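Presented sequentially are two complexes of subunit A, the first with subunit B as partner and the second with subunit C.
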Partner chain A sequence: MRKELEAKLIARLRDDVVCVEKTDERTIFVDVKRAGFREATQIICGVGARYLCSVGYDNIDRDGTLAMVHTFALDDRNQFVCCRTAAPVDDPVIESITPDLPSAGWSEREVTDLLGLRFAGHPKPKKLVLADDWPEGIYPLRKDVPHDLVPQGAEDVAYQLDEAPPGTKIVPVGPFHPSLHEPEHFAVYVDGETIKGCDYRGFMTHRGIEKLCQTQVSYNEVPFIAERICGICGSVHATAFSQAVESAAGLVIPRRAEFIRTLMLEIERIHSNLLWLGVAGHLIGFDTVFMQAWRVREQIMWLCERLTGNRKTYGMILVGGVRRDITPEIAQDILTVVKKIEEELMVIYRAVEKDTSIHKRTKGVGTITRQQAIDWNLIGPVARARGVDIDARRDHPYAAYDEVKFEVPVLDSCDVWATLVVRVVETFEAIKIIRQCLDKMPGGEIFVEMKDKIPAQRHAITVVEAPRGESVHYVITGEENRPERWRVRAPTFTNLQAVPLMLLDEQFADFPIVMGSIDPCFSCTDRVAVVDLQTGNASSVSKAELDAMSRKHQERVKK
Partner chain B sequence: MWLTSKIKQILMVMKPGVVTLNYPAERPPVPKNLRGQPVWDHQKCIGCGGCSDHCPSRCILTRDVCQELRVMLYDGSRCTYCGRCADVCPEGAITMSNSFEIACDNKEDITTRLELFMMTCQRCGRCYEMEKTNAIDRINLKGFRYDNLEQRAMVRKTTETFSPDMLKESDNYQRPSEK
Partner chain C sequence: MSPMPELLMGILLVIANLVLFLALAPFFDGIVRRVMARVQSRQGPPLAQSYYDLLKLLGKENIDSTGILPFRLAPLVAFASMLCVIAILPVAGRATALTPYADAISLVYLLTLGGVAVLLGAFASKNIYALIGASREMTTMIMVEPILFMILMMGVLKTGSLDLTAVIYGTPSAGFGWPGVVMIVVSLFALQAFVARQPFDIAEAEQELLGGPFIEYSGPNYALFKYYMMLKQMFYAYLPIAMFVPLIHSGYFIADLAVQMLLTALVFLLIGLLSATHPRYRIDQAIRYFAVLFVIALCAIGAAVIF
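The block that comes next holds the complex of A and B.
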């Protein structure tokens, strides 16, 4: 693959290609000059690569440049391609790839905000990550900015929403979202009750975890901080980070540790899928599902408490292995609990699979075609519900996934219902994987000691399949026992970009479930303000009222 | 079709079992592995500072007041109960207890402060298990440390020998605010 890619790149770009190298079995790094960057990404896409994310990093101290990496995955060959380039800090402009790959839009805007690298030809060069009153010219991820800098806030600065299409009204949903439980702000453009578009302003809880881990802590503590990126897929982030560091350092961890990691990831998947099933039921006003799914879920939280010492944020994973061993008693305990969950989930699934009220609220809702899903690089259950057959566990096996057998459910009805089915089926697959893991788990150590220092300036990328899609972690190792750059791309980052497309021409009352179907990290709720553009009067809708609206809609479709 | 579904749903909720615990009337069962509030045994602690070097939330601070006196401060208000301190402690001085009812109205109630009288050999990396452990585990702070206990801030500076200047400097430690 490396030779093939190199030949193609040199044929088109000639002198712009600096080097094409393969650092390990999976990863190919392509270094190109700035002029040929966009074309290089087009060539890489041309060989069938799927865009993952982009990473920018500060190289000013070394050679006075800001560097940029676009990462791609070749799913059928289990390989990653990272295309790198650099721009001098006094002329930090790189050609944007967003016109070719729409899902690169946010990554590039993020780099612009955090590093000051600008992208020529970006269709929407607005602020994404930083606060609206963040002063110009301070780029937080540059090395000369301290991690705890608190700049002076400005007043009367607000995000300018996109122009509403003519004939529509704006319904702002947020900043505290009624169904996502997270501070993010959607301006939904509605014509009557039909959604005609939306603009998104989020990242209000951007906490600078990456900066913190690049300046303050060491490799050893980052897995715990990584785990707190997401309350639901914590182990995923910890595993991804640990794997990236291990891959950069060339560290091979014991097989038993890999099995325990797989086990934790699958337990987490069961938990997450049950949680999502409950929330999805709640969003469409079907609280029986919510209550029952969460009742089943409670058992897995108790299990984890016995297994790891905590209901969530298990804290099991470290660079080099895992912290706690699975004893035979615990293994037996896990088997008993998953058996019970399997039975009870089957009861729930049987009870709802043919329920017409669920069908009416989910079938044909949030529809986008398979091609659109591929164009927007959807991932996880959202993509699998739209006929895109990708799963990082199978395509890029990590931990012990190469030894376990499981099915990847793919449906092609392209709506929220398919997402629901995919996630329920995945829960059963997760139970299968847990049983295989416990059967096949070899003995031995669970943690490996590392003798040498981790060399600086190594790049590594890993992909871990979280319950809601794949997480990509890109690590550049640094001096002082800590990463120099650590980029986390959570699954929602990609899936959320396609939400405007899913919402197009849907009913406003379906907004919560369409949004909920991508399973954006759930947290807490507040209120929605409805502004009538013509009169400028603002009225507020409380959560109860929105729920009531949603339920009224439910009753209407029943008739 | 919906009728059979509804019947199934009714059957499903007929014998659901209850997972809600009758808390606080009854104390819930606490698994023995629970990572609850960490407890320090001041008689076992040798003041090596390993816990404070590994604390992801930086809530264990170490300050050398003079050559012989080291203060270890555990600020429970910031603790994430990951149990890493208990893992790395070479003397087993820290245990994760199973106490979890630790909400309180005064921060000091969940703060542990150890004042340790240190022997003069503070320079050799102490007894913390540096040799046999992982390179990524290796602590990057050795010798004398000057965290600011009043501001609850970790000052990432150490010296080989005790330095009164550093002590004074860290006394006036300020968080950076403007570039």
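The block that comes next holds the complex of A and C.
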């Protein structure tokens, strides 16, 4: 593939191609000059590559440039192609690829916000990540900007929404709205009850995790921070980061650890899909599905508490392996719990499958064609419900997925109903995978220490199939035992961009479920209040008390 | 009996009606909440929870977000119109002092007035969610009120009178014939729409419209709207019982009433079960549903006229 690609690139771009190299079995790096960047991405797409995301990084200290990487996946060959270029910092303009690949739009806007690299020909060069009152000229991901910079805020600065189509009214959905679970703002343009368009302003809780991990902590701590990117698919991010670092360092982890990672990822998938099923029920006003799905889900949280000490945010994944072993007793426990979940979910699924009123609210809703799904690079169940047969677990096997057998459900009814079926079927597949994992898991170590220093300036990319689609992590290794650049692309980042398309010409009443059908990722922290049922007295718990209580509970669970 | 004690009795019945409805409506609401909770594997709130909710709301501050009169008047009008309906309603076959001054048509008028007051409040609150909710409420009213009217019309046709006692209680159950049976089915299928619960809680639609017409209301004003909704639900749950289930004629008014209230509680049980097993319909789907009901009801009326 490398040779074929090199020949095609040189034939078209000649001197603009700097080099085409293959760093390991599955990663090809293409370095081109700025002038041939867009054309190079077109050639890469031409050989059947699927766009993943773009990464910008600061190279000013080294050669006075800002660099840009577009990453692609060749799903049928299990390979990744990363196309790199650079622009001098005093003329930071690169040709945009968004006209060719609409889903690159956000990646490019993000790089503009955070690094100050501009893209010529971008159809919507508006702010994306930074706050509206963030001062001009400060680019947070550049190395000369400290991680704890708090610039002066400004009054009366507001995001300018896109112009509403004539004859429509604007319905604001968010920043706080019961059908969204995190602060984000949709301006929905409706004509009567029909949605004619929408504009999105999100990133309101941007936490600067990437910057933090590039400046403050070391490789070994990042997985725990990565896990906190998402409250639901934490292990996915921790695994993806760890794999990227292991790949850059050439570290081979014990097979048993890979099996335990697979196990954790699938437990997480069961949890996430049950959670989604409940939320979906709630969003169409069917709270019985909500309550029943979450009742079933509760058991997996109890299981995880016994397994890892936490109901969620397991903290199992480390660079080099996993933190806890699976004992025969806990293996038996897992089998019992998943069997119960399998039975109970089947009951819910049978009821939902035949419920005509649920069909009414989900069939033919949020429809986009297979071609549109491919054009917008949709991923995960959202894509599989539109007949796009991709799954990173099968196409780019990692951990122990090469050794387990599972089906990838693909439906072609292209609507919300199909995403529901895909997610339920995937939950049953996850249970199958868990059984195989426990069956085939070899003995041995679960952790290998990283002895050598990881050389700087190595690039690595990994994908991990989260319950919502693949998460892409791109790591550039750095000097001080920490990544120089770490880019996370969560699945929602891609899928959310296509939501306006799914909403077009739908009824406003379908907004929650269409939005919910991509399973937007949310994370939340909640205050804790304790209510004494006998007296009705409510009291709050301080952090210290909560810690003490958690430890006491942990003791009990251990016994 | 001389006219004076009869009048006194009638006035007592007006008061008794109001007390009965005001006292029982939140309890019935509690039944629905408890039934839904049990279907959802939850313990559910205590049966008295709806009383607590009302009391709590009544003790809170009234936030007048618009400062215009219709916004403040709407809850009062809605609540008052419902009280009027109850005052003229011949509960368990006994006409109150006010029943002779009203008929089936004024009953429908008063019910519609309550709905119009909700719309008024929604339009006055100038909130986009309230406006969408109001337009849905209006559509629902236009489709559902004729069905109610036709249910009452059945009684009118059978007795040849518009008098409420005659319309509701005048026809013996054998007298309805098969058009009456069709009408019972229609009123069962329209039940959830009358009481504005799933699948027809379209105007309030928490997940999209955050309460729709009531979004700007708080405190006592909102309590009035809530109470209005509960009273309305109790009326609509009681109506099919009154019309289609014959009184037991035990000779004691209290016993007749108790049986009818028990049956009403069963209707609320049904409402709870239906609410817990349906998602919310979209307004366009609901309109198609109502249209079918409308046509069936019209056919039943036609049949009742011809045969």
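Going forward, the second predicted complex is superposed on the first by the 520 of 559 C-alpha atoms of A that agree within 3 Å, B and C clash if a C-alpha of one lies under 4 Å from a C-alpha of the other, contacts with A are read in each partner's own complex, and residues count from 1 in each chain.
Going forward, a residue touches a chain if its C-beta (ideal position, glycine included) is under 8 Å from a C-beta of that chain, and two chains touch if they have at least 3 such contacts.
None of these values were measured; they are calculated from a predicted model.
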When subunit B and subunit C are modelled together on subunit A, clash or fit: fit
Partner chain in contact with A:R228 - subunit B first, subunit C second, else both or neither: first
Subunit B versus subunit C as contact partner of A:G285, first or second or both or neither: second
First, second, both or neither for A:P172, with subunit B first and subunit C second: second
Touch count on subunit A, higher of subunit B and subunit C: B
First, second, both or neither for A:R118, with subunit B first and subunit C second: neither
Which superposed partner A:S357 touches (first subunit B, second subunit C, both, neither): both
Which superposed partner A:P512 touches (first subunit B, second subunit C, both, neither): second
Touched partner set for A:K22, first subunit B, second subunit C, both or neither: neither
Which of subunit B and subunit C A:R295 touches, first, second, both or neither: both
Minimum Cα separation, subunit C to subunit B, after superposition on A (Å): 5
Intersection of the subunit A residues that touch subunit B with those that touch subunit C: 288, 291-292, 295, 357
Residue numbers on subunit A that touch subunit B, as the complex places them: 138, 145-146, 148-152, 216-222, 224-225, 228, 245, 288, 291-292, 295, 298-299, 305-310, 313, 315, 319-320, 323-324, 347-348, 350-357, 448-454, 480-481
Subunit A contact footprint on subunit B (complex, rising order): 1-2, 4-6, 8-9, 11-13, 16-19, 31, 33-35, 54-58, 80-84, 87, 96, 132-138, 140, 156, 175-179
For the subunit A and subunit C complex, residues of the former touching the latter: 169-172, 177-179, 190, 192-193, 281-292, 295, 357-358, 360-361, 507-512
In the complex with subunit A, residue positions of subunit C that touch it: 36, 39-42, 128-129, 132, 135, 198-199, 201-202, 205-208, 210, 276-285
